Every structure is written in C-alpha cells, then in structure tokens.
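Let me begin by handing over the structure; questions about it come next.
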Amino acid sequence: MIIVMSPQATREQIDNVERKLSQLGYRTHPIYGDVKTVIGAIGEKRLEDTQSILSMPGVENIVPIMKPYKLASRELKQIQTIVKVGNCRIGDSKAVVIAGPCAIESYESYVSVAKQVKESGASILRGGAYKPRTSPYSFQGLEEDGLKIMAEAREITGLPIVTEVVDTRDVELVASYCDMLQIGARNMQNFRLLREAGASGKPVLLKRGLSATIEEWLMAAEYVISSGNQNVVLCERGIRTFETATRNTLDLSAVPVVKEFSHLPIIVDPSHSTGSWKYVSALSKGAIATGADGLIIEVHPDPNCAMCDGPQSLKPNKFSVLMQELGSVAIAVGRTI
Amino acid sequence: MIIVMSPQATREQIDNVERKLSQLGYRTHPIYGDVKTVIGAIGEKRLEDTQSILSMPGVENIVPIMKPYKLASRELKQIQTIVKVGNCRIGDSKAVVIAGPCAIESYESYVSVAKQVKESGASILRGGAYKPRTSPYSFQGLEEDGLKIMAEAREITGLPIVTEVVDTRDVELVASYCDMLQIGARNMQNFRLLREAGASGKPVLLKRGLSATIEEWLMAAEYVISSGNQNVVLCERGIRTFETATRNTLDLSAVPVVKEFSHLPIIVDPSHSTGSWKYVSALSKGAIATGADGLIIEVHPDPNCAMCDGPQSLKPNKFSVLMQELGSVAIAVGRTI
Amino acid sequence: MIIVMSPQATREQIDNVERKLSQLGYRTHPIYGDVKTVIGAIGEKRLEDTQSILSMPGVENIVPIMKPYKLASRELKQIQTIVKVGNCRIGDSKAVVIAGPCAIESYESYVSVAKQVKESGASILRGGAYKPRTSPYSFQGLEEDGLKIMAEAREITGLPIVTEVVDTRDVELVASYCDMLQIGARNMQNFRLLREAGASGKPVLLKRGLSATIEEWLMAAEYVISSGNQNVVLCERGIRTFETATRNTLDLSAVPVVKEFSHLPIIVDPSHSTGSWKYVSALSKGAIATGADGLIIEVHPDPNCAMCDGPQSLKPNKFSVLMQELGSVAIAVGRTI
Amino acid sequence: MIIVMSPQATREQIDNVERKLSQLGYRTHPIYGDVKTVIGAIGEKRLEDTQSILSMPGVENIVPIMKPYKLASRELKQIQTIVKVGNCRIGDSKAVVIAGPCAIESYESYVSVAKQVKESGASILRGGAYKPRTSPYSFQGLEEDGLKIMAEAREITGLPIVTEVVDTRDVELVASYCDMLQIGARNMQNFRLLREAGASGKPVLLKRGLSATIEEWLMAAEYVISSGNQNVVLCERGIRTFETATRNTLDLSAVPVVKEFSHLPIIVDPSHSTGSWKYVSALSKGAIATGADGLIIEVHPDPNCAMCDGPQSLKPNKFSVLMQELGSVAIAVGRTI
C-alpha cells in the first residue's frame, strides 16, 4: 500500500509512520516529492493496519495496491472456476439458464412451470420458499412446504434446484432440500449468513447487493470461500441509481470486470434488475453477448395472479421463444445455451 | 391507488382491470382522458394486489396514493414518539448523545472512554461486540466478552448501553445484556432480524441502509413495530452516492422528511457517514440545528491504535469541546443537549 | 394528472384546487378516499401548471399521467425514425458503427485511422475538434483546424463525419464542415446549445447526461425537435453511480426503454462509459444483442501517445477483429452491421 | 503520481514506463513488491501524461497523489478568500443570505419581494432572467427585461444583484447589469461559459453540478480562476441520488470538505436541493451550523402563482421568521447573519 502524507506533515510524523509500518512487518520505501511525501509499504495486506495508520498525525490518505480479496481473485487462481450444480456446470462454455417463478405458490403451478421451463431448455429450477419482502404485510413464502414442492419438482424434471435462504437458523434445513443456496441482494453483507452458507458445503449463488461495489461483492464471495466453499456463482441483478424507468440499473459492465479480476462464474438476472418482463428478452440477449455464464429468469404461468413480482415474469411461451433466440446469440459469441 | 392504462388499452382491458379490482374489494372510479384512461381504486392498500394488477394486459403503471407503512406513519399516530432507554428519553426536547468506540477492545480502554464521554455529557454508551466487517480477515468483535464489558461500564457510569446485533441467533443473548439493540445499515432489510429485534421487547436503534430510501427505512421500522415493539429510533448514517470525498453522503434532509411522515425519533451518525473525524464536529452541529433528536458519535482514546474505524473517531478531549459547542447550537433551536 | 390532497386537507382547499384547475382549462374528477382525496385533471399537460398547483394549501403531491415530451414520444409518432447521415441510415436494420479517435491530433494520424476504420466496416467517422476537458490545463482540441482535417478525411474515405460542438457561437461553423453535430454528455441540458443545434438543420447525436434520467434525455431531444429538427439520434454513454471499477455505469436497459417510449434511434458508447478498452469488445456485443441501433467506438493508432482518452481506445487491429465478431452477433438478432 | 503495474507486467514493460516517465520530465522511484511493482513519479502533474501512461502495456492503474486543481486549492493559498459583491463580503464572519424569487415575473412583484427580503436582512438579491428549463414548453424568463427590473430593484433597495447566465453570447450583457454572475448546476461543466464568466471580471456564483464530485466542482472553479478571476463562490445545491423524497440530496458534508481543500467560500441552496419549502427552514439552520458562509433562498410573494419553482419558495413572512432563527444559530457557531 501507499501512504500519502499531507503537505504539512513534519519529518517526525513521517518517521513515526515508517516506524509503525516496520513494527507491523512492512518494508517501507519513502519517496520525497516536492509537495508531499509518500511511503510505499510492502507486505501482506491487512485491512486493520490500513485503518490504524490512516488516523496517525500527518497521514492524508492510504492507497491500497493489492485487491482486498485473495481467494476470489484471479491473482491467486488464474483458471476459471466451474461450479457444478447437479449435472450442470456453471462457468463452462454452455451458458446456464436458471428459470422458475419468484415465489412457490402451490404444487400444481410450480410443477407445471418446472416442466415447461425444462422443455424450453432451462438447466436449473428456481423458486422462493422464504421471501424477503419489503412490507411485513406481504406474502412471506411457504417456507418448508415450499422446499418440499421444489424437491418434488426436481424428482419429476431431473433438474437441480436453487432457492434463497434468509436466516442463519434455516441454512441447514434449506441445504438438506436444495442443490444450491441463494444469498439475496439484501443479505449480500449479512456476513453470518455468508459464513453459514459457506459451511453448508452447497454451491452458493451470491447476488450483488443493491448498492455494492464489485469489490465488496467479491469480498462477500471471499467470506463464503474462506468458510471452506469454493463453489460460488456471482449474480449481477442491478444496482440502485437515480434512474426510475427500470427498478434498478443492470450493470452489464460487471461481467467483463468480474472476468478480469476473479475466477468465479457470473450470471445475470434481467428480471429483478429491470422489474418488467418487457425488457427481459433484450437484456438476456445482451447479457449472453457480453459474456455472462448464464441467466436467472422469472417465469410464471399467470403473471397477473402471481403472489410476488408478477410484472417481471415471462409467460412460459415467451420464455420458450427467448430460449431459441438466446441459442443464436450464444453461438455468435462461441458458446451454447 | 391509481391504475394508469396504456394509450393502446382496449375497453375490454379496462373493464377487466375494474372487475379484478372489485373482486379484491376496491371501489373503482375510472377517468377517461383524451389519451389515457386512469382508474382510481379506493380500499385498503395491499402491495400484492398492486403487483398482480400491474401485470394485467393494458396496464401501464400503478401509482400508490397511500404510504405503504402504517404503524410508523404520522397519518396513524400524530404525536411524536418518545423512546425511553434507561432514564434517557429520545425524541424529547433534550437532544441525546450516544458515544463510545466503534468496537470494544478491552475492559480498561472501554471503561476509561465510557467515563470520559459521561463526563462530557453523553447520555448513552455505544460499543460494538459483534462487528459486521467487509473483510473476513478483519477483527470481528469480542462477542459475549464485549457485552460483559459493556454491562460493567453501565454499572460504573450509570449510563444505558446500546450495541449491534447481527444474527437472529444472538438476539436473546444481546438483549439480556443491553438496554437498546442496534440494527446496522447492512441489516436494515434483514427482515428476520428485524422481527426478532422487535420481539425482544428492547428499544431498537434502526440505522438506514446504505442505499435505502426513506420509505424503505420506514418500512423496516414497520417490521419492528408490527412485531409488537413501538420503541424504534431511526438513525441516518449516510447513503451511497458517487461522491468519494466522504465515505458516504450524510442526508440531513432525511431529518425534516422523517419528521413530516413519521412519529418516530431520528438521530444522526456523523462518524460513519463521513468516515473522518475531521468532519464530525461540523456535521454534528448541522444535525442538531436541522432538528435531529440526537447524535451517535465515535470516541476512542487512541484512534491510531483502534482495531476498527479509528480514522472516524474523535479523541475524548475533542469530544468534550464538541459537546460544549453543541450545547449552544441546541439552545439556538430551542432544545438542550 | 392526478392531484393528491393531504389527509388534513379541508373541503375548502379541495374546492380551491378544483376551481384553479378549471380556470386553467382542465376537466376535474375528484375521488374521495377514506383517508385522502385525489383529483383527476384532464387536459393538455403544462408543466408550469403542475408547479403552481403543487404549492396550493392542502396539496400533498402531483402525479403526472402523460409523459412530458411529445415530439420525441411514440404516443405521437409510432413509426421508428430513421436518421440519414450522408448515405448512412441510423435506426434501420443495419446497425451503424461510428469510429475514430477521441481528439483529432494531426492530419496524418487522423486520415490513417479513418482509412483503417473504414476498411474494417465503420460507417461514420468521429473525432473531436473542440474538447470539453475537466481540467483547464488539458489539451482543448485543434478547433477549426481539426474540422478541416475531418473534412479532408471525408473526401478520402467517403464516410460522413460527426463531431462535438460545445458553444452556441460555434454551431454555424461546425455545421458548415460536418454531417452530424454531437451534443456531449456535459451539455445535454445546455438548452441554448440544443436549440442552436436543432436550428442548424444537421442531424444531432445527443449523448445522455452523466446523471440524466431517460425522461430528461428525451426532453433534451424534445428541445432539438421543437427547434424544427427531427433528426435526433440518442447515445447511451454511461451514468454516474457509486461503482468505481468502470468510469461510469453503462445502462443498457436504456435501449429497450427508449425503444418503448420513443421513435428515435439509440446507439451506445462503450468507450466513454467504461473508460477502458478492455471492456469495449464485450459491451459492444452486449449492446448490439440488446437491440442498439449502433455503436460509437474510440479507435486510436497508438493509444499510449493519444492526447486524450488513450486508455479507452482500441487499436485498429483490435477494432477490426471486433467488427467481425459484431457481424455474428448482429445476425443472431436479425440485423447486419 | 503512482503507477501500479499489473502482476503479469514484465521487466521490459516496467522499464518502458520508467523511460517514458523520464522523457516526460518525471523522476521515478520503482518499488518492487512481492506481487506487483509500483513506480512513484515525481514532477509537475499533467493529466494528459496520466492518460497516455495508463494505456501502456503492463500498467494496471495510476493513482494521482496531487489534487488536479491548483489555484482553487488550499495547498497554494491557505488564507480564506473573501469575495466582495457590492458592499457584501462572502467568506467573512457574517454569513450572507441571498434571497428572491426563482424567476423575475414583473416589476411590481420583484420590487415588492426585494424590499421585503431586504427588510428581513437579506444581503443580496437573486432572480432569474434566463431560465434553463427542462421542458422547451416552460417559461424561459424575461431575458433583458428581467435584468432591467433587477437593476431597478438594486437602485431601490441598495442591495447587489446576482442572476444566472446560460449562454456565452449573453455574458457581456448580463455582466453589464448585475453584480455577480451565477453559473447554474446544469452548466457547471460548460467550460466555455466558465471561461467567459471568468473573463467578465464579475464575481461568479458557481453551483455544483447535479452529479459532480467535489473535485470536479473545484476543477470548474479552476477554469474561472485561470481565466483571471479569483472571485468565485461555490454553492452546494444537492446532488442526484436514488432518494426521491426530496428533489436532490443536499450534501452538507461538502461544506467542511471544501473548507479543508479550498480557500473559496461556500454557500448552500436549501430551496433547489429539497424542492420543497417545508424543508428549507430546517436545512438553512443546518447549513449555517455546519459552517456554510451563506445561503441562497427562494422567496416568492405568492408561491402558488409563481411561474417557476413555486413549491420550493418561502413566503416573505416565513422568510422573515427564518432570518431571526438563523441569527441565533449563527451566534451559536461564532458568526453573525
């Protein structure tokens, strides 16, 4: 890291910072500029050190040189990670489509839509049994009953299932039913939940927080990996900006940025990010062409009767058309779907 | 709510929407404009209905008229809520100052700073025993040992204590030690934690999420209140914007906005929002003059040895000077400190 | 529009609002809810009226129902606009690629890169003669000498040219040299410049402002069109968010949103939005797959000698490869490049 | 500046960067870390160099150490600048209040409100003769007729006048009438207008752009100062965020940040930032307590007949009450009003 001293820093203050850095095990290289002095510090990066030095007299700023994440970083592991969920491989040349309704509402409707999305080419089933809802008065999910319905749909379709977990107390139960755990955007920095999900041994689908930087997102992945679980798939789902035409702003630039800095696969959620089925098709194609390793798309047989997020759900027939179109786009960028 | 039909909506689509609204128990009032038809729907607002109608053919948009929160709203309760924490009353004419270090590091340092901030006029002690840290490699807090230290500091100073809880599994334990539970910014939409905190019966200090709108924040308060606990204090702690000169952008406008729409007290955190002790004094004064019901300020005896957030911590002597200055500002706006 | 009265509004206040609306030529339809009254107002939308009513006693909020733009709107003109620039048609089935260096630096380098991008399949040449630079000490462009170089490159390549105009006093001069005027992001709400550009009669390439909503962007287009010039091409170039891994956040959702609400063509700038040539290829493909009508890409023969924005410029050989890849993506979504 | 080389950078690439830096006149200091090499470069900062080096092979990032602005910086000039407008001194111990309506609508109404705000203690009159309006169909101002009315109000009240200029072609005319030129938020990076305003010799009130960082804002001030005009007053007027309860988010942290990094005075606009008169009083007091050198407040005799921004305008009697309250707050922080 680089410590930038203020123009008014005294020689004594500079020496104190160097001494402290040495005590912390850094080798130091001061550079005396015309206006400011900067000190290069070589050694293992520890965030706490950064903070304690930043509050020393005469220190203006600290510039980290190394990324704060290690296990999630391409600096450490250059080969692309492939995460296996059932028979499905996320991060490989075949782009993976995860599909299903926002919430599980009943056995019939879920199994019906599960069959249809499988028919259209989806590789993994999604569905919410525990719903984190903005309003305490909204439908909160079928909980374990929902998990059972998902498990039956897996039996019928042969597709693996992914569902969100929202409470550390539920991790074991949810992991016993499903093939992949989803950490939702609102829980991206629920660090205890990240640790439990990591410890469960199941692959983790880690959604980006609504206002998380890519670096913070990779730090959240670091929590999961450092709990012993390398199988993390990142999911870009839109960030919060001033624009109101869409629910959030889908940040497709995150795809090549994550590819540059991390070995983890990244998929894209065009449904939650836009909040409207009208934009799902265009942005699904855009995501695959940009290089995403897959998509997670909401499909509901009857969106205007959905208990949750109907407006952003595709009908099964529209999803089927989209899957065909995605096939062409995938081929154009050297992949399959 | 108002349902806006698209310019291309057919008469049949309009009728279908009206019929559905009637089934859901709304009275409907269509207004036929030159380009678009809108339908006024009167009845109890339920968010799920909004969603299901939004996905009906011909519907362009839905405009809610009522606020989504009720129990947190001034529409329901016009009298300002006063939350009692020990002998301290938050929301009353005396502005309340909560002070202490970011993390609890040792008995000696905590008790020492606790005495000093009491001496300077603080009303409640803060301190972190469970720290939600961005990096898995950072200090995560002393946990129960930290709670014990806080409890001893309460004995010595007579001041009530507030600390953050980060996991549903810890709520009971933390509530057994402290006088007020803090829900941190990253957990503002950890709905399970909100419910547990609400159910604990302890007053709750609810920090605004990094990218939460004021409406979502009040909805989070609604979760706590609807779990049977009216004693919620809101804490503005900065929102995430493009500006990088400060860690976050302190939104002091939230103070009069919350006062308009809610009966809950609101305090301000100038330490976390700015990330630098240099700006704490100016913004503390600004917050009190704007009408905040109090402040939560980080104070550490030796910021460049702090294990967490040293750069934003005031030294006890600077805090003492600030408290005197705040006294004058409080009087200027008809309060005390 | 819908006027929402506050819960405390008196009958007299409601009557006053209705009376004022009638005076302004609106037909009114009050709906008396259990808590709030809302008034539907039918008539030609005028923004000034909105403002004056919003400040009447008892009025809580005003909800516009009609979009504020007309000439730029699909409500008025449903057929997609095709803008002709020289022989090139923007908005048609062939996606148009505009390419060239950020700034014009010399005759030799510009003509050389112009020939190369033409060879690779670009349809229009770009280049900056007037550069709006953040620092007053940065290179500000060759001005009229740059325009002359561009005009010569047009002679040599046969490709039309587009360049930015930054001052109302320069519009006539710039329009006399080039085939299309660019309004930069920083000038998107320089309304005088919009009017002059509109009055010039030349097609206008209108970049989205760094923090402009799509609605404000279409209002800026409305300024140009209302000055008598229908030939407006919108250009998405990234918006400002908290994310720092890219210079701005490219908002590809804007492509389908603009297609829904406006008849104007929309192209995408992956160079300025990301600020790094490393991400240009991925996002160019993403933009075409999402449905953009074209791209504007920076190409420089020797980026590390560029006087401006070198880091985001592709070398001509990389651009050539990208053009081939874009051809496949375009075909996959039913277009050509 | 510090050049960060990528972990894969070869020795040859590192040498090339060093050689280029030397050619550009920098002294270089390489630091070889375990994973990455960084190169410290000492010399006069030139932004163009930064850009050209950033695109060299093996370079990962460049970290500027010096601020990009000089003339606006406290590094260069440590004494607080005081800007004189008529007899009024902005930046001195007396906080300055600028007041008046958003737009000038008629002689009678303007002179009437001018007298009232003077009576209440305002020091400078504001008013818009050229209005930059989002819609081309909105009232655009009385132009020179408005300037004449303002000049007459100055004669009558003895107060200096400030008004916005929106076009380089108008600067001379506007400067011939008024005592201070305002550059609006939408024109903060209209660099030609900044230069002309600087060259006019009149003091300049420079509003912060809607999405401008504090650094970019100071760079805009640098444009004015480098045109020979030191008399720049900064005006914080809210930035664009995701929050919709207020029109923009007033960033009061900007006050102490600007005070730290610049010698220029800074005032605050609570009217445009919030968009509602209801919040003006609270935030005016907050701004003064935070250390702002003044305020600019909209006052209109009859807000619900205002042609522009009525909802955010105070009535003269409310303004009068506010001025008294501000007096107490100013005293509490060691100033007067």
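Which chain is which? They are A, B, C and D, in the order written, and residues in each are numbered from 1.
Heads up, the rule we're going with is that contacts are C-beta pairs under 8 Å (C-beta built on N, C-alpha and C of every residue); 3 or more make two chains touch, one makes a residue touch a chain.
A quick note: this is a predicted structure, and the numbers were derived from the prediction, not measured.
S.K.: Given the two chain pairs A-B and A-D, which is bridged by the higher number of C-beta pairs in contact?
M.R.: Result of the comparison of A-B and A-D: A-B.
S.K.: Averaging each chain's C-alpha atoms to get its centre, pick out the one most distant from chain C.
M.R.: B
S.K.: Please work out the Cα centroid separation of chain A and chain B, and write it as a whole number of Å.
M.R.: Centres of chain A and chain B (C-alpha means) sit 26 Å apart.
S.K.: Centroid from C-alpha atoms only, then distance chain A to chain D, rounded to Å. What do you get?
M.R.: The mean C-alpha positions of chain A and chain D differ by 38 Å.
S.K.: Which positions in chain C are in touch with at least two other chains?
M.R.: Touching at least two other chains: 211, 240-242, 244.
S.K.: Using the touch rule from the top, collect the residues of chain C that touch chain D in their complex.
M.R.: 20, 46-48, 51-56, 68, 132-139, 166-169, 186-187, 189-192, 195, 210-211, 216, 219, 222-223, 226-227, 240, 277, 303-311, 313
S.K.: Residues of chain C touching chain A in their complex?
M.R.: Against chain A, the touching part of chain C is residues 211, 213-215, 239, 241-246, 249-257, 259-260, 273-274, 278-279, 282-283, 285-291, 325, 328-329, 331-333.
S.K.: For the complex, which residues does chain D have touching chain A?
M.R.: Chain D residues touching chain A: 2, 4, 7, 29, 31, 33-36, 38, 40, 42, 63, 65-66, 75, 240-242, 244.
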